[in-house]
Amino acid sequence: MKKYILQRFALMLGTIFIIATLTFILMHLIPGTPFDQERQTSAAVQENLRAFYKLDQSLAVQYLHYLKAIITFDYGPSISNPDTSVNTLLARGFPVSFELGLIALVVATLSGIGAGTVAALRHNRLIDRAVMAVAVVGISIPNFVLATLLIQELSVNLGWFPAATWRTPWHKVLPVIALAVTPMAILARITRSSMLDVLTQDYMTMARAKGLSPWRIVIRHGLRNALLPVVTLLGTLAASILTGTFVIEKIFAIPGMGRYFVDSISTRDYPVIMGTTVFYSAILVFMLFLVDIAYGLLDPRIALHRKGLS
Amino acid sequence: MSLLHTTPSPTADAPATQATSQAQPLLTVHNLSVRFRTYGGHVHALRQVCLHIARGETLAIVGESGSGKSVTSQAIMGLLPATTAQITGGAITFDGLELTTLKPSQWREIQGRRIALIFQDPMTALNPTLTIGEQMTEGVRRHLKYTADQARERAIQLLELVGISSPQQRLKQFPHEFSGGMRQRIVIAIALMCDPDLLIADEPTTALDVTIQAQMLALFKDIQTRTGVAIILITHDLGVVAGIADRVTVMYAGQCVETADVHALFDQPAHPYTRALLASVPRLDMPASSLKAIAGQPPDLFAPPAGCAFAARCRHAMHVCRQIAPPATPLPDQGLVRCWLHDPRAPQTSPTANEI
Amino acid sequence: MNSRTTAQEAPVLTADMFEAAAPDPQAATYVLRPSVSYWRSAWWRLRGNPAAMVGLVFLIMLIIMAALAPMLSAWSVTAQDLKSQNMPPSSLHWFGTDELGRDIFVRTWYGARISLFVGFMAALIDFAIGVTYGGYSGYKGGKTDIFMMRVLEVLYGLPYLLVVILLMVVMGPSLLTIIIALTITGWISMARLVRGQVLQLKNQEYVTAARSFGAGTAHIIRRHLLPNAMGPILVQMTLTVPTAIFAEAFLSFLGLGVQAPYASWGVMANDALGVILSGDWWQLFFPALFISLTMFAFNVVGDGLQDALDPRLGQNQ
């Protein structure tokens, strides 16, 4: 098990490294960036950049310095607002985005897995078809489309919910729904098909032959096995929720990191783009790592590598 | 009678044992008919199946694939799929209790507690994500309300009974850490945890290799001697039958065509199908000519024939065989056979040596 | 059935019924149904799936309209008519106009062209790269396979959309760069799938059997490996398209996609966001509807294909 953890950790570091290098290369390859030569940026900005990125030194030194900065979570100054640094933006915006993403993830996970399980247990009956129909619709409507529709109907037309910002819990309902629907639908589908597979397994019949309560059979025997593939999916779902926050925050005018990121794209504020990309990527890669560990813990075939007593 | 009751069971169990005498069979299946609903129509999987087993006895159910032997065991265990299976007639009486009319909650009192099932494939019968200990103790903790410690002790006892060493450590291990033969032993141990009256073993040796088979059969015999449990052994292997069965039922196309004492069956098979089965078993002292198979296939159970199901493949078939299903003719020693040849009006035929 | 002959009239049994009957070999064997090839039975199953059929019909109609409508319409995609801004749907402008007076109907179909183009290109390129990479890795096996899979693992860890955004920012948004960006990481699932298929099929007994009959490699690949692998590959391709369409719309929505004045559904949705509070519902409605319907249709067809091609028919009914 330890070996497994170390493997995964090394993988994680490797991936972050690649991303950092990729961003570095890209930033220096494109012509006309503030890193290359003079653009229409003020002297103050130029000075900031030169100081932080050591632009007057050789490429190799720049690279090493850049790596060091990444590791220490220092992402440099912003171009659009020379007084603020990327770190300030992150500190301000990330907690908001994190809250949004976390709530959406929890909502999506609980309801998705629940719906999928119920659908599998009532295979081919009405509830199964209903859940699956909703799920297909759920994965087909992009989250930003859903968000705009929700605003149009529930906010503008019906006036039930506010359309923007993140102040009260009432404000949080629509953004969370828009963000959670697609992952929920994906989870429901995967849980259902995994559960259907598990239900046909011999050990399920064996559990029934033991006269155990249906509850115990479904949860202890069924879900334990059915959720294994679902867990591996959680990593990619976290990624899609994270990227989803970009558009959701833009649409709902939520002051999170995603919105700063989207703004920086429009204004071509490269340092912010770079810093945010690397930061977010690190988070995602870390989540994948956590998911791998969780899977290793859940599946005894991985967790125990010691030689059996057979 | 049972060696396993060294730890006191907290709840009183089976008050019916005093009432029923040894002469009453433990389980009686009478004229049981089961059909399945499928896209193509109804499959009549069981057609008036009759069998019975006494306490402490071993009954073997023999038949080819599709003969209905697994469905019979599912019916006795209450594991017929509720959405597609229908019991269209007959009764299953277990220790005075009628099983065909039980509700699911009532079934759960019987399953694992009074009747236990041993699965065919030990590689898939155990849950890969739970420890052996958990899988062994969950039944007894539910049915007999054992505490965790009591359940552990019982599990260790049974692991020793089935011949697994170092039982204390084993309880914490997972199925994938055991070999096939050991897993089957564990499955057997699980079945015995609540000290059932009846064990149903569905082809318990098919998935194992021959050397392990012999060990398994010896284990079954040993368990029976020690605990007095009745065993229904489902198999297609006549060698297994000869090894440990007391009585045998031969099934064909969803019906019991012959039931007899094991010695009687092998010495004087009454039904042409049984005779054909016995003749088809290859033997070392046979002349090295072709193997004797039974030509043809079992009938389509979507539309079972009106007459005897074996008539199409039977060289002794008479007109009546094709038209009317033979009734059950009793044989000596509680046997029976469904064959018109045993009707007094049939011409006397003596089975030839190389009968097909 | 015979279950009722208990107390009823016992059938009259005459002596002649007990005479030997001639053997009847026909009755001893029976054939259930004529055998059907794998692909034909898969098509059968697909036909029986109403949702998949509806999706298929929709997609065909979408393709036809996308090809023809912009050519047949009186309005051009980019022409602005500042006198007709923000007009609701009418007989003149079937889907209404947007802020700059452009006809939304035509723009919607133009957007369909772009989405379909991006989707199909992405699926094709994923297929090409994925099949090559995965097929080679699976076929070679051994150390090559392990190494190639390690590389995949690392690539898999890269956050897809983030990388795409980064690339778009760097390369400057246009249709070509979108396709390049999408296919940079999209092929990974396909490669994994193909490799898994090849590994599995390589060792199937019918391959060994065919080889023992003297079948050559090409023959084996053509008649045994490829047909059996195509199923999951096809399903994967069908499900790649909505992902690509989504990504394109997403990027356009962020301003990184196709640039004005050209239309893509994402761009149109983005533009519509600006006027949402003024109640011009049609500007958002049509692109949103079409994105959703198209993705829905592909998903449903992909699902249907998966069910149809999977030989594991009817689980526990």
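Chains: A, B and C, in written order; residue numbering restarts at 1 for each.
Just so it is clear, a residue touches a chain if its C-beta (ideal position, glycine included) is under 8 Å from a C-beta of that chain, and two chains touch if they have at least 3 such contacts.
This structure is a prediction, so every number in the text was calculated from the model and none was measured.
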Give me the chains shared as neighbours by chain B and chain C.
A
Could you name the chain whose Cα mean is nearest to the mean of all protein Cα atoms here?
C
Across the interfaces A-B and A-C, which one involves more C-beta pairs in contact?
A-C
Taking the mean of the CA coordinates per chain, how far is chain B from chain C in Å?
48
Report the inter-chain centroid distance for chain A and chain B in whole angstrom, where each centroid is the mean of the CA atoms.
53
Mind checking the centre-to-centre distance between chain A and chain C? Centres are C-alpha means, answer in whole Å.
25
Chain C touches at least 2 other chains through residues 316-317
Two or more other chains touching the same residue: where does that happen in chain A?
none
Per the touch rule above, chain B residues touching chain C in the complex are 31, 33, 38-39, 44, 47-48, 81, 83-84, 88-89, 295-297, 299-300, 304-306, 311-313, 315-325, 340, 343, 345-347
The residues of chain B that touch chain A in their complex are 77, 79, 107-113, 116-117, 119, 121, 124-131, 138-139, 142-143, 165-166, 169-170, 173-174, 176-179, 182, 187, 190
List of chain C residues in touch with chain A within their complex:
51, 153-154, 157-163, 165-167, 169-171, 242, 246, 249-250, 253-256, 269, 272-273, 276-277, 279, 281, 284, 288, 291-293, 295-296, 299-300, 303, 315-317
Counting only contacts in the complex, chain A reaches chain B at residues 201-203, 205-213, 216, 220-221, 224-225, 228, 298-301, 304, 308-310
Contact footprint of chain B on chain C as seen in their complex
1-3, 5, 11, 13, 15-21, 23-25, 27-30, 32, 314, 316-317
